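In what follows, subunit A forms one complex with subunit B and a second complex with subunit C.
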Partner chain A sequence: MNNALLHYYLLRYRKIMDKAKVIYILKRIGLMFMTLFIIMTMCFILVRLLPMSMPEGASAQQQETIQRRWEALGYNKPILVQYGIYLKNIITRWDFGTSWKLKVLEPASNLLLSRLAPTVLVNVYSLLFSIPIGILLGVYAAIRKNKWQDQIISILVMLFVSIPSYIYAFLMQYFLYYKWQLLPQVLYSLEDGGGSYFTFKMFTSMITPILALSFGEIAGLTRFVRAELTETLTSDYMLLARTKGLSRRQATYRHALRNAMVPVLPMLIGDFLSILGGSMIIEQIFSIPGVGQLYLYSIQQRDFDVFMMETIFYTFIGLAAGIIVDISYGFIDPRIRVGER
Partner chain B sequence: MKNSKKLLALALVSSGLVLSACGGSGSTKGKYTYRTYASALGTKWDPNTWETNADQSLLSYLQEGFVSMEADDTSTGKWQWTYELAESIEDVSNIADLVKYGIISQELVDAKGYTDEDVADSGYVYEIKLNKGATWEEKKVKALNGKTKVYGGTEIKADDYIESFKILLDPARENNRANLYWSGESAVVGGMDYYYQGKLAQLDVVGTFGEEASLDNFNIVSGKYTSDDGFVYIALTSPLAYLGGQSLSYYVDGYGAQIFDMDKWNALVAKADDNGFIQLTEETAAEFGAFLVASAGWGEDESYLINYLYFDAIFPEFDFSKVGLYKVDDYTLRYVLAVPEDKAYFYTSCTSTWLVHPELYQDLSYEDESTGLLLSKYNTSAETTISYGPYKMVSYQDGKQAKFTQNEKWWRWEKNDDGRLVSKTHFKVDGEYRQQYQTTDIVIDVLKDDAAKLAFLRGKLNDYAPTPAESVEYAASSQLYKEDESYTMSLFFDTNLEDLQKMDAAGTNTNGVVLSNAKFRKAMSLAFNRADWVKTTEGYKPAYSIMNNLYYYDFYEDPSSQYRASEPAMKAIVELYGVEYGEGKQYATLKEAYDSITGYNLEEARALFAEACQELVDAGLYHAGDEIKFKVAWKKGELETTDQTQVEALNGYLTEAMKNTGFGKITLTPVGNLTDRYGDVGDRGVYAIGYGAWGGAILYPFRGFRVYMDPEYQPPLHEGNCWDPSKETLTLTIDGENYTMSYQAWSNSMIGNGPFASASNEIKLEITAQLEKAFLELYYRIPLAGSTVTFLLGYQQHYYTEDYNIAYGFGGFRLMIYDYDDYAWNQFVKKNGGTLNYK
Partner chain C sequence: MEEKEKKLQEIPSEKFAFVNTDAKLHDEKFETKPIGYFKDAMRRFRKNRGSVVAGVIILFLVLFALLVPLTSSYVAKNVRVSEYSKMGPRTTWGYNIGINGSENKEYNDLILLKNYGIGVAAEYRYDEATNTEHHATFEEGKNSAYQPIIKQGSGYESRMGANVSYYYKANIDTYLGVGFQYYELNNAQYTKLLNWQNETGIQVLYPMIDTTHPDYFDCGDEKIAPNYWYRASSDRNSKGAPLTSTGAVQRLKTDNNIEYNDIYLRKDGKVQFFIRVGGGTTETASYKVRVLYYNYYQYLYGVEPNYIFGTDSQGYDLAYRMATGMRLSFALAVLVSVINFIIGAIYGAIEGYYGGATDLIMERITDILVEVPFVVVATLFQLHFSDKVGAFPSLIFAFILTGWIGTASRVRSQFYRFKNNEYVLAARTLGARDARIMWKHIFPNTLGTIITSSVLVIPGVIFSESMLSYLGIIQLGTKTSTSLGTLLSEASGLWQTYPHLMIFPAIVISLLMICFNLFGNGLRDAFNPTLRGADE
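Coming up: the complex of A and B.
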């Protein structure tokens, strides 16, 4: 890299990352951890306040044994002491506890990690499918504003935005699996799917959940892009561009679309981050052994450490997505000054 | 345009690939795959630590018991014990073993001149001869030390059982299934001492020190008696060696003021902790002494105090050689019981074993940092699972799927001419040796019910459990199987006035205090039209008693010995509902009177409601005409439409019966998603009414009431806030004589060392029936319906018999018969357009 280029990048970096921005970002990160800590504390206390229940039908001897296990686990200590132990283990050993119900003796973090792949895959595929379609439909509807094409798209958008994804999920299963017998009903197991989540066979079993997740995403994106682009198309600079001799298509693609994408891109970044969270209901319906399903099971079974691990995970993802989206505005559109008063 | 064509071509290719991926795979001829589903998979099917039914369901394919209950003659419902891992099991009780394990002393034997003949068939020592040839699955496993090694493939010998037993009872492991073998009726002698060694426990002073027992064994520090490991206690409710294993409270509750000074006793009880212990101090010693002196009929004074004491002690080290399981030779074990057990009951406990592969278990063990326990990864994944049953686990994906296939090392498989593994029963069913375990592969998928239904109708699943509403649609299906359960769904109450007032104040109920009135509760029972109620949803039969037709009192000797069909049991229920029979009465015979019971009597219900209303108004607990609302602890899971329908129907019956009785409108509202509805109605007093069932003990109904009456056996009792069954007494007339005991004592009177444990079945029937009647007359619990399980089996196979039998079901998985192999089945489904109709 020659000096001139280096100088250019340094200048650009300084321009982007001025002191105010750095302070703002650090402040946001600090606040994020504080919020995470507060949520963690609340969840921990609330979940431990729930009465510990013996399995129904446990004999007196069994209850005694279980009681001894709880004692050994420190469940009978004061809640704040338990929380202190919990935090200490996280900080000193990166130990988020152990599963005692869902996968006995397995570290809670392992349980979560082992279930990330199917969740992320299904959701990434869904986004890769939805984003181009959503943007294309949004652009098309904006260009054809108030024409019949726009009306139809708008009606469909309203329909798909209003209907929850699990309804599509059931419809997908009914038609694509049961009626037309085209696709598998649920996600294949690793054994049936060829031993990996990346086989073609496995992919075929992901199509129905991907579709079920995508309809709402496509509709949301279409509506957003249409609204942004419609506004941009009617702005003064578009008129100027046309009067300067640009064709409608040229003006739209060179100027309007770029500007319209400013609010869309952060939305997509947020979507990309939130896919880690997955969709609990979709995972249940399509038997996807992902983090969403794990979260539900951990609540049902009162597997405290797994529940806490998932809560921390979801909270962190949500908070991080918020920060990244906020900061990204400043990078995407220099007119937006991040952290300046 | 060009691009569009490319896209279209790509789409067609893709869809072709998709369709081909969905097609059949490989040769399925001669394969019989059973595909089933579950809402969740088990997570640890370790025989020592399994917890849930889902865990046990996985385990069931991988193991066998010593014996099994199988069909003999399905036309008559006759069943048989069959030997599986055992070649024989015999009672070989003998003096040498009894002395060796401390069941009787050598001095006693010498003094009385006992010989083996005197103790023969006493039910203490059972010899289990092992079947030669039973073999472990052969498996390469990576142990926790990182080394990969081949385990199994060898014969199962006596040492495997001994080592497994050591692992099961290992105090460092605290296995939750260990209690099956150190406590209860199948407890091995020494098991408890071995399991508890090194742990703090409270021991009986006399039981420990014998004749040396004295207060001098302890120290006094600041007026408190102390042992080397803690304190000394007066034991009010714990079993005492001095009283032959009974507790003092047992006698106080049984005899009451006839013998004991109840004021002083109650003062002592008030000082006791949850375990019935009072710390021994100079002051409490004097108080207890005063109680003994004042209880003149008991014939003791303060010098007897030592007999009622427990002390803190850390269980001493206990060598496994003193535990009553030992090897006679490579294929023979002896099991010495702490308490004698009838052969038939010992057989029941032998339907499963404690067997694990000892070497693999140890190699997968590690010390858990957080608990300090020694734990094992044995049977927690396909890689760490080793089988000795007909199937072996081939894959397991947490939260997704488990797969099994034939375990080629299973000792009863034979190779067919075409190389396939087949097996015939080693016992005759309906006069012939039948093919067994025809299923070659088993797949368990985690599926939601809706998904399971679609898969079943497409022939991709072999069974499906329809919802109650769906069961009606499939009622005429030849593939619908119905199984009665021993559970009687009931409403159970908290009738404690203070609790009810608290709940009213908290807004849980409105005028819930009415439940404290016994007439109100009885009227509720008579208002319920059970025959009509069970029609609101499928899966139930009307119930009028605690125990239904599934309970047998002499099952092993007499397959027709239904408790419910016995004269005392019928009589108890006939009297409970006030049905008269005999000459000149509406019904000529007891049977006719019993069969006529519906539990529904609107007229009497109305009259009782009117009386109850008056009593409640007079007591200032209720204002006539005021609305009554109850939240009912209905369900552990989420409430469904059927639950609402059931409760609405109950509301309808009550509204109808309460018309013009002085009561206002009554509404029961179900509450779901409860963690422990029994505890919420019982000791926690959160709800006044609960809905649920209890079952089990079907082969010995004489112990069935412990669940309701023995707080030491089943804490907390569901109706625990209604009463204290350890204090309330009941007088029963047995064989012309009156006996008075607490309800708790009655519930234990026919087991263990209970006074009627060795009585004849006729007497036990009499006691149980009278106890059932007395309990139901308290109206702390109102039986409503017996539950049934309904499921559909696919056309690919059918059960051996369609007549359900409590011993062998429909013949079970073992005798299941396939009408199509997987290939033929796929063809059959295709021929039917890919979807099947089971209606």
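Coming up: the complex of A and C.
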């Protein structure tokens, strides 16, 4: 990289990140951790008030180990002391507790990490599939506002937004698997799918959940884009652009569309972050070994450390998505100055 | 100009006359009634056809939920009929157009022969006075009203090594296909049944089977065994195929006129209609009887087994279960929405009206609460309280814990908008207290938006409930009631073979979601004063 270019980037960087913005971001992150801490505390107390039990079928040696671990973690001490130990373990050793039931004596964070890949993959595919379609449909509906094309799209959007995603899941399963035998009913296990989540065979088994997830996503995005674009299409600068001699297509593409994307893009960025959480019901129906399924298992088996880990994870994702959406507004649209009064 | 004015002033006073001397002049009263905010909203709502239709459908569903459990014939059916579980829809009026609880499948011919046998056996008659028995022929059995096989289609042969099996497409009435069943009755029950049978002429009791007969086929299933009443083959390749009187195996492929030879239990030349079990005297003994279930059902419940939506996986009437499920969903959604409305209104009003430090502190509390994932709240509440207060109340608590925040923030922003208006200042100058200004003067302005948001809470609650039930996080299903999500979750393993278990609850949930969303959106547009006149 030559000097001039470096200089340019530095300038640009300085322009994007002025002092007010940095302070605002740091403040938001600080607040986020405070909120996370409070929610964690509440959940921890509520979880530890529940009775613990030994895993069924554990050997005597395992039971003894677990018992000793529990003592070390202060399970017989007051809850606040337990919480102190829990926090200390997180900070010093990045230890979010241990799975006592699902995978005996495995760290809870390992369990969660091993389940991130399928969740993220299915949801990323679904987003990649639905974002272009959603935006295109939304733009088309807005351009054809109040014509029959728009009305059909609006009715479909209303239907697809309202119908819960698990109903698409059943329909997809019924037709694609049961009636036409095109695709497998549930996700292949790792062994069947070729040892990795990235193989083509695995992808084919993901098509049904991807479609089931996409309908609602497409409909929601279409509605949002249509609403934003119709608003910008009727604004004054569009009139000016047309008066200057731009054709309708040019004016729409250069002015309306770009301004309509200002609220759409942050939403999409937020979507990309919140897909880490996944959809529990889709993971349940298609037996995707993901984060949502782990949550359900942890409740069924009363594996409270894993449950706690999942709670922290979900809360963190929700908080982080909120911050990133807010901040990205400022980056996408220079007129919006976040953090300024 | 001046000239003219002068002339006007010089008009003599006698030229003036009163226009009106007998009445006082005043503003005329409005002939029409004033159109207030709500009336205007109502008027605009009525113009939105989609929302009105949605409202009508919601009303219909509410009526369905309320009335179906009240209808007497359905109350009688709020019983679990395990023999008729997972049955398809069946009605008298729709019997010939396919709503007849039938299954269209390919069947092994041995199963078809068993089913034909049910029809043949149902036509058996016995006259006790003369000790004469009437045995139906195959043709009579085929045309019997109790013949489960509605239609038999083409067949094909399938060979596996030395084994030959025949398969036929057929349409079988699963209600009649249950056939005969064994029951143990006490003396009183037995006589009652006997009397009912004599009164109505509907034959329920059929002869017992001689299970010690060498040609008795033991199928190993107590629910199916009463249907092997004829001499049957126990051969591995032709299990349960009827034998002729000479002992030859008959198959559908080769024999046109199947001959069923009964192996009824006979004592001293008389067929036996019961076996005494458990000993004791005539009064205390149990009677094991073999009944034709279709007629026994009529004896028990007084009606033929007709279920418009079929039965659920446990044998309850699906229409009834759905109605109770919808009741629960409505009750939950309305309760949550009303409580959210109240809490949100009070909280938001205080925040917005007082502002400053009060607002700051209260906002931080909601900031934290709103970030707690709902599913975690629902789970923790279930784990802690469902044993103590029950699943339903703890679910309501979970919904309320974070649900009111949206309402509160709406009310808060409206209060910020209106609290510095002149009319509020005027009210304050006149000595109105804070509470009066809040509820009498500012709050009515916020009503439109929060009514809308309260309506839009309803589909969200219905969806969340169905999702949590489906995932098994909450268990709302009991003997007397269930929830829509529980119905879906009960169907989850079975619905590919019994689609009606999934289809009807899914349709109801989808309808509810669509209609409430449409209705809510219509309300939102109607209450939005900026849209006023946009459509005119």
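As a working rule, the second predicted complex is superposed on the first by the 306 of 341 C-alpha atoms of A that agree within 3 Å, B and C clash if a C-alpha of one lies under 4 Å from a C-alpha of the other, contacts with A are read in each partner's own complex, and residues count from 1 in each chain.
The rule we apply is simple: contacts are C-beta pairs under 8 Å (C-beta built on N, C-alpha and C of every residue); 3 or more make two chains touch, one makes a residue touch a chain.
For clarity, every value in this text was computed on a predicted model and none was experimentally measured.
*Asks:* Return first, second, both or neither, reflecting whether A:K103 touches subunit B, subunit C, both chains, or no partner chain.
*Replies:* So A:K103 only meets subunit B here.
*Asks:* Between subunit B (first) and subunit C (second), which, if any, makes contact with A:T35: first, second, both or neither?
*Replies:* second
*Asks:* Looking at the overlay, what does A:L136 touch: subunit B (first), subunit C (second), both, or neither?
*Replies:* neither
*Asks:* Taking the superposition on A as described, I'd like to know which of subunit B and subunit C A:L319 touches: first, second, both or neither.
*Replies:* second
*Asks:* Please work out whether A:F170 is in contact with subunit B alone, subunit C alone, both, or neither, and reply first, second, both or neither.
*Replies:* In the superposed model, A:F170 contacts both subunit B and subunit C.
*Asks:* Taking the superposition as given, does A:L50 touch the first partner, subunit B, the second, subunit C, both, or neither?
*Replies:* In the superposed model, A:L50 contacts both subunit B and subunit C.
*Asks:* With the two structures laid over each other on chain A, which partner does A:Q284 touch: subunit B (first), subunit C (second), both, or neither?
*Replies:* Touch partners of A:Q284: subunit B and subunit C.
*Asks:* For A:Y178, using the defined touch cut-off, is the partner it touches subunit B, subunit C, both, or neither? Pick first, second, both or neither.
*Replies:* both
*Asks:* Is subunit A touched at more residues by subunit B or by subunit C?
*Replies:* Here the partner covering more residues of subunit A is B.
*Asks:* If I apply the document's touch criterion, which positions on subunit A are contacted by subunit B in one structure and by subunit C in the other?
*Replies:* Correct list for subunit A: 50, 170, 173-174, 178, 284-285.
*Asks:* Of all residues in subunit A, which touch subunit C in the complex?
*Replies:* Where subunit A meets subunit C, its residues are 31, 35, 38-39, 42-43, 46-47, 49-50, 158-159, 161-164, 166-167, 170, 173-174, 178, 280-281, 284-285, 295-296, 299-300, 307, 311, 314-315, 318-319, 322.
*Asks:* Can you check the complex and tell me which residues of subunit C touch subunit A?
*Replies:* 367-368, 371-373, 375-376, 379-380, 383-384, 459, 463, 466-467, 470-473, 488, 492, 495-496, 499, 502, 506, 509-510, 513-514, 517-518
*Asks:* Hey, which residues of subunit A end up touching subunit B in the complex?
*Replies:* It comes out as residues 50-51, 53-57, 59-63, 65-66, 68-69, 72-74, 98, 101-105, 111, 114-115, 170, 173-174, 177-178, 181-187, 189-192, 200-201, 204, 207, 284-287, 289, 293-294, 297, 302.
*Asks:* Provide the residue numbers of subunit B that touch subunit A in the complex, in ascending order.
*Replies:* 15, 17-19, 21-22, 40, 43-44, 49, 51-52, 174, 176, 178-179, 183-184, 368, 370-373, 375, 377, 380, 394-395, 397-401, 403, 445-448, 450-451, 454-455, 457-458, 460, 636, 675-676, 678-679, 684, 696, 712-715, 834-835
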